[in-house]
């Protein structure tokens, strides 16, 4: 099942640099593992902003909720989730 | 170059049924041709709404503008365009 | 899977009374059938507004999209869908 | 009487971990007691957000106000209350 | 139980004058009867707008919903309902 | 002259408890004195929020501004003022 | 007493030209009479918009409400009223 | 003096085609004449929308107001004006 | 040339009292000097808020920008600038 | 390719003055270098605000994203990017 997820990130500017670097490294590893698993289909940064638009393909709402709550950066994120369906005109939808 | 495009559609409820059917058929054909060309990568309806989230891969702003202005339904659409870049964590970005 | 769906209804005031009555009757029948099927769990009107908050329990995004697009009143509705998960404190969640 | 209550939580990221854990434990106990009492009918997390949609069945506005002000987390919450009525199409409304 | 109700009115400018006059007369009569009954405590126009802020004292959500849906002008209104409780500092609250 | 005043309060969570208690006591005393004077007609908490809707009956804009700026909590408040008039349907308006 | 009043005007584009001209003439006469009376202190168009910012000096809320409801264009206006007081730094406030 | 002007256009879909064509032609001529005069420095369409961002260099507020009110399409436009100054870092500002 | 300027002030509550007093004194002096010069025509506090609506009469955008950036409080302000023109109905506009 | 970029800046008021000065100097140098390269076509401050409207001419989304993320002040900025195309009425568009 597909979801579009918009993540707007705001890391406090007074976070200790080493903590910040560690956090970003863990976020990157977490994301790439999910990408390899096929759950996290796409991740595109929004030009000029500390935000991304991602497409997830997961079993259901609960799995997505668990994945998003597992994000190391989740505490500093505003997340918007848009559930998506198949479009009748989608030539890939078969 | 990638863009996320949100299209919210509001067709006047007093449109003559035959005009409405013709319009939707032309929209479908227009979209599917662009999908086959690889310009229109994805089209996902937003659950519960007469809206879709689409991903376009085009040369530049002008080409996207031309494509969107060619949509038969454009007159009844509110369109939001989000330019996107490559994410450093994107395992597909190479 | 659970979704909260808010439906704000705005029927054009110039709709022919008989059409309006027929539309409302079909909407009522459609809703009650889905309630009996267990898909449409709850429907509560929002006090003072032509809106309701409903809770749906369906297979996935696509099924919900199909149900909502089948609503006789859908053309006159603004619909917002909130995907929901299980809460760790929910004593019913087992 | 029924109310839909949306709770958006934002706990300051610099809260001492032990205080945070204690706060969450008290919140969980407080909520589960009210669930067992039948006052707090449902609690569903909103996917991807530190928010929940809850349904309360209480005597009146004052009781709901007292319950919500008793939440251990209330200081870190933005709460929206939607009073709800019985829907004429609700097959359970009798 | 107390509710603050904001009513923003927008009567279509092309409504036949006699219908408009009739509608306003019925609205006035309906409101004054409820005021005499003590249900509709106060009605204050918002300066410069076709809106009013009203205070209702009714049994519960359902009664308020019924009253508001009975307003002759309801079809042309945007209504916002704010449930209110007793304030600990309120010298009248006893 | 009547005004509806909405006060949304946000006291910093790191305020020293004794200062907080003193502040609330002074706010309560200040409000009750104005209630006894008839200037502050009503004060109703909005269910679930640290907000109240109050009705003031004062000489003019300046007096209201002075009263509101005298609130001990004013520094932590977002205040919205709605000037109100007499409604032609108001049976009490004489 | 001073009020800032913002008037955003939206005259239906299908209004009969002669009606439109008559309406604008009556609006102009109505405004200029109030300006001569000193009630309507200033009227400044907002650059690029069919809106103006006006300053009124009137007895009280009721008088302002009456004046604004007397505007020939009021039916096509969105009006926002901001009550204003005397500023301690205002060298004219005496 | 420089202003950024955003123009969002919404031409009623039921406008007679010949009127629409004439209107667009007059708008184009009006704009190009001002461009040649150096008043209308730039006009860029916003991708995907019937909107443009324009930069004007005019004497003062009044001249801009006159120019914008002279636009043949002004009746169908929502216009936002942003007054701009010289930036200390602007290498062209001299 | 005329501008309406809305200034919403939010001074951090943890500012050292003496710094705060000095800041306010410098703001007052700065404003009164500009008022005496005729640049700052009017300054009206918005009832109940730490905001004012001011009217400026200056040469051009740059001068206004310089004046506003010179405000001692500017760092704690949200400022909105509305450029204004002469109204054809304005009896003072000559 | 052209983009309009709005930058709203909010530097924490408790930033050490020397750090602030260094940051602003680096921002100025960074911007002027890009202006000289022709990438950063225009930079206009918005009157009264710590914001600017800039026009960029770059290869594609990725280049713009890189440029904006390289801004020394980016951490304290809210950035909105509007992709722009060529206007058919633009006399310079050739």
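Note that the chains are named A, B, C, D, E, F, G, H, I and J in the order they appear, and that numbering of residues resets to 1 at the start of each chain.
The criterion applied here is as follows: a residue touches a chain if its C-beta (ideal position, glycine included) is under 8 Å from a C-beta of that chain, and two chains touch if they have at least 3 such contacts.
Since the model is a prediction, treat every value here as computed from it, not as a measurement.
The chains in contact with subunit E as well as with subunit J do not exist; no chain meets both. Among the remaining chains, those touching subunit D and also subunit I are F.
At the interface between subunit F and subunit G, two copies of one sequence, more than half of the residue numbers in use appear on both sides, so the contact is built from largely the same positions.
With angles rounded to a multiple of 5, the C-alpha fit of subunit E against subunit G returns 70 degrees of rotation. Subunit A and subunit F have Cα centroids separated by 43 Å.
If you average the Cα atoms of subunit B and of subunit F, the two centres end up 50 Å apart. In whole angstrom, the spacing between the mean C-alpha positions of subunit A and subunit J is 27.
Subunit G and subunit I have Cα centroids separated by 22 Å.
Each of the following residues of subunit D touches two or more other chains: 2-3, 45-47, 61, 64-65, 81, 83-86.
Applying the touch definition to all chain combinations yields A-B, A-C, A-D, A-J, B-C, B-H, B-J, C-D, C-E, D-E, D-F, E-F, E-G, F-G, F-I, G-H, G-I, H-I, H-J, I-J.
Taken in their complex, subunit F has these residues touching subunit D: 13, 45, 47-49.
Those residues of subunit D that touch subunit E in the complex are listed here as 1-3, 60-62, 64-66, 81, 83-86. Considering their complex, residues 3, 5, 12, 61, 64-65, 68-69, 75-76, 79-81 of subunit C touch subunit B.
By the touch criterion stated above, subunit D contacts subunit C in their complex at residues 2, 4, 27-28, 31-32, 35-36, 42-47, 52-53, 55, 82-92.
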